[in-house]
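Same chain, two partners: subunit A is paired with subunit B first, then with subunit C.
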Partner chain A sequence: MSGFAQNTFNGLVSGAFYALLALGLAVIFGMLRVVNFAHGAFYMLGAFGAYVLLSEAGVPFWAALVIMPVGLGLLGMALERAVIHRLTKLDPLYNFLLTFGLTLILQDLVKLRYGVQSSPYETPSLLSGSVDFGLFDFPTYRVFILGFAVLLCVAVWWVLTRTRIGMVVRAATERPDLTRAFGIDVGRWVTPVFGFGIGLAGLAGVLAAPMRAVNPLMGADLIIVVFAVVVIGGLGSIFGSVAAGFGIGLVQAWGEAYLSNFPLVSQTIVFVVMAGVLLWRPAGLFGREEAPA
Partner chain B sequence: MTNTVDTPTDASRATPPSGLIAVARAPGWVRYALLAVGLGVAAWLPNGLYPAVAVDILCWALFAVAVDLLLGFTGLMSFGHAAFWGTSAYVTGLVAIHAGLPFPLAVLAGALAAAVLAVPIGYLAVKRTGIYFAMVTLAFAQMVYYVANEWRSVTQGENGLQGVPRELFGLDLTDDYFFYYAILPIVLLGLAAAWRIVHSPFGRVLVGIRDNPARARALGYPVHRYKLTAFVLSGFIAGLGGGLFAVGHRFVSLDVLHWTTSGKAVIVVVLGGIGTLWGGVLGAALVVRLEDWLSFSGFEAIGLVTGGIFVLVVVLFRRGIWGSVAALAHRLAARRR
Partner chain C sequence: MRRTMGVAAASAVVVLAAGCGGGGPQSSGDQKLTGDKIVLGVLNDQSGAYSELSGKNSVAAVEMAIADFTAKYGDKAVTTDITVETADHQNKPDVANSKAQEMYDRKGVDLILDVPTSSAALKVADVAKEKKKLYFNIGAATTDLTGKSCNKYTFHYAYDTYMLANGTGKTTTEQIGKNWYILYPNYAFGQDMEKSFSTAITAAGGTVVGKDGAPFPNTSGDFSTFLLKAPNLNPKPDVLGTMQAGAELVNVVKQYNEFKLRDKGVGLAVGLMFLTDIHSLTPAALAGTTYTDAWYWNFDAKNREFADRFQQKAGTRPTFAHAANYSAALQYLEAVQAAGTDDADAVVKGLEGKTVEDVFLRNGKIRAEDHRVVHDAYLAQVKPQSEVAEPWDYVKVLKTIPAAEAFRAPSADCKL
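== the complex of A and B ==
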């Protein structure tokens, strides 16, 4: 039983990363109709930035947790203004290609400077050790990640449903033209929302630094899994994306633990689930039907 | 085809810029002249370039044309075509190593395996359109990559398949120069097949589906089945290229299945011109030549350049080379009239 709790907990923690990345993707997609391939690259930059800040300037984890998301968010906003913005009127495929190109560039820039080997990042001392939950104890750092991610998702949900900004963003997501007709300047919110999504990816990256190997390629493989996650949840649905993120984390952890005879399971189970969802509900578990095509 | 009045906005935005119409209208002698020039260049190529690079160009030309068949003529952007290119490379390599068949038969086996794999992936992927189609194909291709990575007893994992033979009835094809001419007929056959598909009644239906899926369905065409057929044919042609690539390098590594390979195939098509078929061949030649030159001059960050090309092409040059030239020629011809 404690094994089950252990696996469930680990699944939720890795699900938290999927959820944070899927949340950013979904928010950006809702507002801009852009599927940001570079999301994984920004996750990697978050982790790498934290590593470089610590090893070269002695900036601690807590500072990096603020600096990297804000810095990357600003970079994202600049990027949106400079290039992505030019292509939003066109087929979304063009922005997908553009951000794919950006991914290759960002990855190789980091590779060129720091090589491809993984770098260790020490867990902040405040969060080392483990928390005792009576029957089981979990590493403090992982408990922190899970709590932090859940808190963030709830905060985003609160902003989207309970504040004026959230209402504007949701309205603009559903009916941009009608929202504009009400005299609301939709365009004003596009760049900040993009920056926010990128900031979330950067934040996930900083959180990942002490837990996962920091290297230039850490984001790319992850983002493809996150694409499968948002196809499962339905990219149009923010709730669906987050739920699917945690769900896939759980399914992967359970698969890894109870189907350990099949080493492929943990890596491919997400794609199998995606295939099932495409058969059963092509629009995603929480998505709405697209226009028939 | 220019009537977009009753086209849903999303569908008309999804229509890639097409050079097809302009090229199809070119007078007969222009087309024959272009064909002659193309064949001439193909026959001369290994004399002007390193033969190994020329071989790569042929393989990538097939790959690009396969991707354009979907992207340009069916309106589906597959971002996972490395699955077919790579699967065929592995199957070709395994057949050539273990069965000792002449390489064209091994390549055929590889391409058939790719086509078989394309059936389930295509069946699931055509349930979605647009950007979702790209994400779904990308995800399934990644799954194939993981399987190949894990299935070491067959694929040799990170080490790759080594020593893929170039067997052809005892001929000595170790020299890339002769190997180029050995595969040229196969490549031309593949390209001709793609041309035939595009200009068949089947291909016209595909273009109709691309431009207005709702109307195609209303006219009674089984849209999903058409898309799936196009997907499988495209997988087969990509597989031809991948198989030849394996024999050409005498080596298969996991790179052939990697997502960067899928992305490179798409950008080769965009650079050459979406929906122009032969533009992809030009794009392949340019990108392969450029990458060879970069790695030869010891430049490490090839992704920097490939990524840069991506960004520039998408921002500034969406029509691609063939599309731009065709549009220019079209405008000149219109002025003369």
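== the complex of A and C ==
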């Protein structure tokens, strides 16, 4: 029983990363109709930024947790203004290629400067112990990640459903033309939303630094699963991406724990689930059936 | 397109340069060297996962060997015209295959060195056999190079999966703990390592109480399922043996520390680890971990002297792969010097059965039966941070594994 609880907890922690990344992808896709392939690269930059701040300027984890998302968010906004918005009127494939190219450039720039070996990053001392849950104990850092991610998702949900900005973003996501017809300037929200999505990816990166290998390819490995998560949740569905993120984390953890005699199954389970969902509900679990205008 | 043109232009330059050299006044004819010179080819990973543990610094090591050889023989050297060609095989077998052919055919390379990644290494062995040119593999781990894929022109120089498993599996079982839990990446290398370790552990009187193949590549980066399982197995394992490499190894170790398995009485043994891996994880994260090393830079004064010279040239301390590349280039040049020719068959004849001693090869012998180069290996343990006295001095050698025990007996599968 305690084994099951531990595996479930771990699944949720992995899921927290998927949820944060998928949430960013979902708001960006909803607002801009851009499938941001560079999301993994920004996640990597978040982790690398935290490492560089600590090792070269002595900036601690807590400060990096604020600096990196804000800094990368601003960088994302600049990028949106400079290149991405120029391609939004064309076939989505163009932006897909553009962001893919950006990924390669960012990865190689980091590789050029810091090499391919993973860089060390220690767990902040405040969170390096473990929490006793009676049945089992769990690393404090993981508890922190889960709590932080859940809090953040709830906050985003609150902003989107309870504030005027959220209403505009949701309306623009679902019916951009109709929203414009009401005299709302959708365009001015596009850039901040893109920056916000990128900021979330950077934040996930900072959170990952103490527990994952920090190297130029860390985002490239993860982003494939995150795309599967977004597809399962329903492209552009904010709630769907978060739910699917945590769900896929659980499925992976349980698969590894209880299907370890069938390595082929536990390795491919995410994509099997994705295929199943697409057959059953082509728009994803929480997506709308109709194609966006 | 641009890349193709670049390659074409570069090839044209090489061809022109070779053409001019061949017809020029250098061809004296009294030395039996093809093109009157020796060309060493370093074929390895120069931008990917293995570029730091070998990569460009292996080229630096080979250049050191050339300088030392030239200084030693001076005017009596078989030639002073020794150059290095390098290429990036990107760890891809098909790229390795075509680059090796290009090196032997068009760049006049007499010996190909290094070639990490087993699948790529085996391809190059086939090319060496076909072209009847020499090949010293350093970077790859597969025992097939001296097993079913062995051939007359291929030598396996530094290490292999048997050496790693035998050293770490056997000695750790005898000295640290008998019960093992093995975690391996579920693909050819990991499965090979798991089998070799299980055999070595059982032979030493230990037990593998559990083993799991983790997904490879592990896209989630999470190994906690396995790490949580380990301390709860019955009987409880004394040692977690991880066969992961590179970034996956980093993930396993970070999470091993997160779950405080060492405090729970589960030690850590690593299948394959390089000095650069310890550097990126920091010794604090790995303190107490045991693994088998083919060579360690601060083992004795002789190694240290080499490491100091290497640092002057490359700006960092050498891994065992760097030292092995140096040694391999040097031993090849010595063999050409002794034979008076770079004719591959004559050089092979001189190398087979030869006993060698240099900074890398201690009690070294080039086995005639399968072309395995055997030498002393070392069981190493990562020091606690408090004992690290200088940068890169991360391990202490627990035991020297004698050359005769470190490697497997010649395999019946190998017919040269």
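What we mean here is this: the second predicted complex is superposed on the first by the 284 of 293 C-alpha atoms of A that agree within 3 Å, B and C clash if a C-alpha of one lies under 4 Å from a C-alpha of the other, contacts with A are read in each partner's own complex, and residues count from 1 in each chain.
Note that a residue touches a chain if its C-beta (ideal position, glycine included) is under 8 Å from a C-beta of that chain, and two chains touch if they have at least 3 such contacts.
Note that this is a predicted model, so its numbers are computed, not measured.
Within the superposed three-chain model, A:109 lies in touch with subunit B and out of touch with subunit C [touch as defined at top].
In the superposition on chain A, A:267 makes contact with both subunit B and subunit C. In the superposition on chain A, A:224 makes contact with both subunit B and subunit C.
Touch criterion not met for A:78: it reaches neither subunit B nor subunit C. By the touch criterion defined above, A:119 lies against subunit C but remains apart from subunit B after alignment on the C-alpha atoms of chain A. Of the two partner chains, neither subunit B nor subunit C is touched by A:165.
In the superposed model, A:100 makes contact with subunit B only, not with subunit C.
The contact surfaces that subunit B and subunit C form on subunit A in the two complexes overlap at residues 111, 221, 224-225, 263, 267, 270. Every residue of subunit B that touches subunit A in the complex is listed here, in rising order: 8, 10-11, 13-16, 77, 79, 124-125, 127-132, 134-136, 138-140, 142-143, 146-147, 150, 213-214, 217, 223, 259-260, 263, 266-267, 270, 300-304, 306-311, 314-315, 318.
On the side of subunit C, the complex with subunit A involves touching residues 47-49, 51-52, 186, 212-217, 219-222, 224-226, 228-229, 232, 246-248, 250-251, 254-255, 258-260, 276-277, 279-282, 284-285.
Considering their complex, residues 3, 6-7, 10, 13-14, 111, 115-120, 122-123, 130, 139, 141-142, 208, 210-213, 215, 217-218, 221-222, 224-225, 249, 252-253, 256-257, 260, 263, 266-267, 270 of subunit A touch subunit C. The residues of subunit A lying in touch with subunit B in their complex are 35, 83, 86-87, 90-94, 96-98, 100-105, 107-109, 111-112, 220-221, 224-225, 227-228, 230-231, 235, 263-264, 267-268, 270-271, 274-275, 278-279, 282, 290-293.
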